[in-house]
Structure formats: structure tokens, C-alpha cells
Amino acid sequence: MTAPNILELENVHKQFGGLDVIDDLTFGVRRGSRTALIGPNGAGKTTVFNLITGVYAVDRGRIHVDGVDITHVPSSRRVDHGVARSFQNVRLMPHLNALENVIVGQHSRNRGFFGVLQPVNLTRNNRWKEEARAALHDAGLGEYERAAVGSLPYGVQKRIELVRALMAHPRLLLLDEPAAGLNPAETDDLQRQLRTICEQGDVTLLVVEHDMQFVGALCEHVVVISFGKKIAEGTPKDIRQDRRVQEIYLGTPPSEPALKKEARRAS
Amino acid sequence: MLGQQIVNGVMLGSVYAMVAVALTLSIGVLNFLNFSIPAMFMIGGMATWAFIHAGLPWPLAVAAAMVVVGIASLIVELFTWRWMRGAEKFVPLVSSMAFLILFEHLAIALYGSDLRTVNAGFSQVDLRFGGLVIGIPQLIGLVCSIVLIGCLSLLLNRTKLGRALRTIAEDSDTALLLGVNINRVVPIVFVVAGAFAAFAGVIFALNYRQVHPFMGEVVGLKGISAMIIGGMGNIWGSIVGGLVIGLVEVLAIGYFGADFVDIAVFGLLLLILFLRPTGLFAGMTTARGGI
Amino acid sequence: MSGYLEGILVLLAVNIVYAYGAFLPLAAGQLNIGLAGFAAIGAYSSAYVSNVYGVHPLIAIPIGGVVAALIALVVAVPVLRTRGIYLALATFALGQVVQASLLNMSAVGGAAGYPVTAFIRLPVVVGFAVVVMLLVWLLFTTRFGIAARAVHDDERVADLMGIEVRGFQVAAFALGSLISGIGGGIYAHHFSFIEAQYFNITLSITIVLYVLLGGTQTVFGPLIGAAVFTLLPELLRGSANWRYVVFAAGIIMLMALRPQGLITGGMLRRLFDWRDPFVKSPGAAKERVT
């Protein structure tokens, strides 16, 4: 029987130069869910992503993905366990065009001597190229295929990065502030797009976000961290009403009118 | 015999130390490996020879050579720093390499590639001391090097200019915010670095009496070894590095023959890069290479 | 064909091969200024094999390349553990050590140089250059080309995408050395004489400079760079040394004005996009609906 949680962090601890950046963090992400990881700036959210993807090694604790202990798996192999991510500041390869960037995302499915020697750029009909091209088209980005990514609008770059992440056919998709820098219309589009991806593709979503409206619309479950510690966990509604969460965001417990205003905005 | 070799090694080492200091200053303040520094070494030596050859007495020839190097340094600054569009990080390094090629071939085109003898106009006087022969001109060169490096260190640690340089070394954006006039200060770094390298070339020309357009390649590039051994960005480390390279070279010639010098010097560089790339004095430098 | 024209074409062919030897590591993000060392290894080992064992140059030259590649593999592990400027310096030190070692090897002539008996004519030289070019072009149309450039652009993200960064770096380093070795072998068997003094730091730097002149974003850059370096000076008569001065000055100007080199990805896109129906101007983007 497969584990109910596709991601498990167990007593994870990470220190940088004497500072406890992640402190005894334990939480799980249910398979197929859309979960948000929120917290004030500096809480360690991106660090959590870096630990899950292997950019940093944990000092103590364990990380399980899909039942497998990946704590000591090298970072280049974690994608083989079904983990893919996007980045806070979009990190596409500036010297590759959009299509080639998406093709990079396929690499994990195409390793090995013969995989690497696949002539993806030689003919028009290479199947990997077709797959990448189709993915860009499905995301409405077909016209940017051969564009230099550096000159594209920020929102477009973010969408390309998402397509790239999906090329690895991940089971767990980590998105670092996917709505940052997007206008309300784009944010809505993104939210719907991510729902579709999760439902159709059997992908679990873990999102780091600041935009609480986006989180409320997209996610069923929220984990709150502050100074590297888990503060609270629950549905977006639970979290909004949690005093501890309000304290860390607002400093002091908010007044009644402020709470009512929040409640009205959420509905 | 060993004692004499150590003396010779130290003398030669002071030349390498000066070049290493020039390189380390550039890396420390500007985070830029200035490949034109060995060319400045060559220009210092060859210009000294050229001016003496043209009839100037050696003190004037040296002064004139330093002026030539100063101008060359400013030209290099313009094209590797000031006018580069900040496009990619490799641009200053590549431009400085191009300057090395440019100056070397300019010298060959002007003077031919032969070895030239420097008629310094003063005779070699030796100090004899317990079986060791110490050349007075060489000793003066050594003393001058130490004094100059000491002055540089004082400048960096005690003066306002020095503080400005150290601020730029830490973070050039912060330096701008703090009101450091980068456009005024950076050329100074280039000129001072060029001057140190050129002075080493002058000492080499006057003491060893031989110059040629390839001396930047043959001698100057070994300064890179000295810099790395001492630790990038570390002035006093460069001195140690220079002395080490000088000693290695002299001992290699003594025990294995002149052909093995380059293998020894660059083999040592390779080894250090593999085992301890931050150099002997890693602890004293900041991550980027502090002064 | 006049002897003069033949000489130019040979030089062009050799420079093209050297250029692609530099292109491989540069495209993967490594500044290798020890190429002359690997060219020397290729030159001397292929010359030794053809002189002493009578092996035909067509086989000896690739053998020289393989020897260079094997030595590159041996040093790649420690060398590629260094980064950025340290990597460049390690390759520099390597080139110097190789040159100095060959200067001392009396079996191959030492400082006096090494004559090469077997001779290859222009068509063979050009043949090698064309084969090298085609193989590199082909290689860069594969996933290898995309992965190598990804490593050049962003090692961290490339690693997270599943690309074995170190593996690609070693491969680029070794392949570049192989090609440089073949360049050296061609040189040896056409000019019939090699000396260690020729394979110096100036040669390494010059090669890197004309590859950067052509641009490292595309596979055509090295070809253009080698062509400009070889052919343009022929238009300016004058001694070889003044040509180097002009070339170096040109590079300095180029770095100030257009550091990405003559041939860039963008330029190629603009040249070839007339046949791609999907490319529209960026302004049209906003109307698309998801």
C-alpha cells in the first residue's frame, strides 16, 4: 500500500554558520493535495525547498518522497524520485530559447549515453522536440518557441519555467512564489492552470506563497513556518483564524474589525 | 652552496613578489585577474633598456619607463574596466589577455625578439659575507621591494584611499553608496599595480642585465604562481609566495638543471590549485580575496 | 593552386580545428587556457608514432588526439574541482607544465625540436577540419549540446534538472583536448617540424580570443572566429607581429562593444526565422488566451 503522504519531513534541522535556519521541522503533504507553505520573510521557506531538492544537505532528520528516504540522495538524482521545482527568481537558461529550456526539463527522462546523443535539434520531427513543442503550445506559449528567454516578459518566463518543471513528469511539484509579479488576471489563470495540472496529471502541489488570496483559492492545506519552526497547520480558513499565525504576521493580535474584514475578503 | 642559492632565491623572489603584489591588488580590490600585469613587467624592463640605449642615464631611463607604464596602465583600465559594458564577467579577463598579446607583439615589432643587454652604467659591486656573495644592486632591489610593499600595506590600512580600496574590495555597490568615487579610485589601482610590476621589471633589467619581449611570459607569468601560493588578495602572502617561487626556481636550476624550472614552478602551482587553492594564508583573506 | 593560397588554407584548417577544441570547454562554461598543451601532446605523440612506428598519419593523428584526451581525463578530475578563475589558472599551469616537459624530452628532440617525416597534403588537412566541424555540429544538435549549454548558463539549475554537471564538464574538457590534439597532429604532419616553444601560452590565449571573437553561443562562431583571424590579416600586409597587435586591439574593441562575439544566437534566429511560422513579434503575445 502506498504511503498516504507523498512528502514527509521528519525532524529536519539545518544550520548555517551557527544560526538554526530550520529547527526540528516535521510535516507531511498528502498525495494529490494542493498544499501551501507560508510564513514571514526569512522564515526559511525557500530553504525547505532547497533541502527537499538536495541543494542543501540536512544536518539532522529525514526526508521521504513517495515512501522512499531521499535524505542522502544527490541533488541531480532527486528528480528521478519525482520531485521538480520552480524558482523564486525565474531561472531559465538565458542562452537557450524557450523550446530548448523546456527540453532541458526532459533530461531526467533521457539520461544515459543514447539519451544524451538524441539529435533533438537536428530534425523537426524528433519526438522529444515534438513533446516539448506540444507542451508549450498547450500552455499557450507556442509562439515563444524560438524566442530568447531573456527578452520575454516576466509572466511568460514564469509560465515557461512551469512547463519545464512539468517535463520531468513529477509526482511532487514545488513552486516557489509562482504568483509573484503577476497581475490579478494572470494570477487567476495560474490558479486554474495549476488545479487542472493536479487533477489531470496526478501531481501533488507544494507552493510557497505570500499572496493569501491565491493560497485561499488554490490550496486545501496550509503549513505555516516562522524562524524555521512549524507554527500551525490546517485549512486556509483555520490558519486565517489562528492567533499564533496572526501574531507572527501582524506582530500583535489583530482587533475585531480587522478580523471581520479578513473573513469578508476570504468569502 | 645552499646558502648562496638561498640568497639568490631571495633576490629573485623579490622580483616575483612585486609582480604577485600587483596581481593580488587587482584581484583583491577589483576581483579581476589582470593578465596584462606580466606585460607591464616586460614594458618596465624593455622601456628601461630602450631609454638607456637611447642615451639616458639609468635613473632617468627608469623614471621614463615608469611613465610609459603608467600610461599603458591607464589605457588598460579604460578598456578592461571603464568602458566595458558590464556584460559578462569574463570580459575584463579576456581584454587583459588581449593586452598581454598586444604589448608583447608590439615590443617584438618595434625591437625584434632578440635578447637585449642592459648597459646600466653602474658596475656590479658585491658584498662578501661569510662565504656568500650578495650583489649590492640586488640587495638594493630587495630593500626597495620590501619598502614599497610596506608602503602599500600602510596605504591600504591607514589612509582614506586605502579604506576606499578595501570598501570596493568588499562590495563595490556599497562603496558607491558610501560616496567612494570609483571612477577616480579604480585607475589608481591599475596604475599602482602596473607600477609594482614595472618596478619588478626595472629591477630585473638592472640586476640581471637582460631583457626581451618575452620576459613577461617567461618571468612575469610566474608571478601568478607566487600570488596563488600566497593566497589571492593577500599582500604579505604575495611576498611569501614570491620568495617561495624564487627559491624553488633557484633550487630547481641548482639540482635539476635550468630546463626543469618551469616544470617545478608551474607544477607547484598546479599542486597548490589541486590541494589548497586558497593559498598558504587562506585564513587571512575574505571570501572574495580581502587585502 | 598557388603555394600561397595553399598555405592560407592549411592555416585556416588548423585554426578551425584549434577553434573547435577551444569551443567545447567554453560552451560548457570553462575557460581553458592550456589548449596549446593538449595540441602539443597530440602533435608530439602522433609524430612519434608515425616517425618511430611508421604509422600512417591518417591513423597517427587520431591517436595523438586520443592520447591528449586520455591525459585530459586523468587531470580532469582534480582540475574540474576548481572553479572559475582557479580553473582557468589550473589549465594555464597545465599547459606550461606540458610545454616545459616536452622541452626536456630528448626522445622527441627536446629544445631542438622534432622533425616529422610523414607528410599530409592540403586535401587531407582540409578533410580533417571538415570532419571535426561536422562532428561538433552534429554533437551540438543532440541533447549533449543543450545540456552543455545549460551547464554553462546555470550549473545549479542544470543539476536539479538531472544533468550530471561534472560528467558533462569532464566530457567537454576531454573532447576539447581530443580536438586540440588532432589540431596539433595535423600541424605536425604538414609543417614537418614541431618545437615545444610554439605550443606556448600565447597560442592558447590567441585561440581562446578568436573563438570568443566568433562567439561561443552557436556552433558557427568558432568557424567565423578562425576565419577572421586567419584571413583578415592577409588583407593587411605587414609583419606577423603587427598583425597580432591589430588582432589584439580588435579583440579589445570587441570586448568593449560586443562581448558576445560576432555570431550570436539572436543573430542566427533573425537570419533563419523567416522559415519558422511560429515566430511572431513580442507585441503579438498579449492577445493569446490560455
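All chains are identified by letter, namely A, B and C, in their written order; residue positions are counted from 1 within each chain.
Note that in this section a residue touches a chain if its C-beta (ideal position, glycine included) is under 8 Å from a C-beta of that chain, and two chains touch if they have at least 3 such contacts.
Remember, predicted model here, so these are calculated numbers, not experimental data.
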Farthest chain relative to chain A (centres taken as mean CA coordinates): B
Geometric centre: closest chain by C-alpha means: C
Mean-CA-position distance for chain C and chain A (Å): 40
Chain B and chain C: spacing of chain centres that average the CA atoms, whole Å: 30
Distance from the mean Cα position of chain B to that of chain A, given in whole angstrom: 51
Residue ranges of chain C in contact with chain A within the complex: 138, 140-147, 149-150, 152-154, 156-165, 217, 265-266, 269, 273, 276, 278-280, 282, 284-285, 288-290
Chain B residues touching chain C - in the complex, by the definition given at the top: 33, 35, 79, 83-85, 87-88, 90-91, 93-95, 97-102, 104-106, 108-109, 217, 221, 224-225, 228, 259-263, 266-267, 269-270, 273-274, 277
Residues of chain C that touch chain B when the two form their complex: 31, 33, 78-79, 81-82, 85-86, 88-90, 92-94, 96-97, 99-101, 103-104, 111, 200-202, 205-206, 208-209, 212, 239, 241-242, 244-245, 247-249, 251-252, 255-257, 259-260
Interfacial residue positions of chain A with respect to chain C in the complex: 53-55, 75-80, 85, 87, 91, 93-97, 100, 103-105, 107-108, 110-111, 115-122, 128, 139-140, 142-148, 151-153, 156, 164, 168, 189, 193
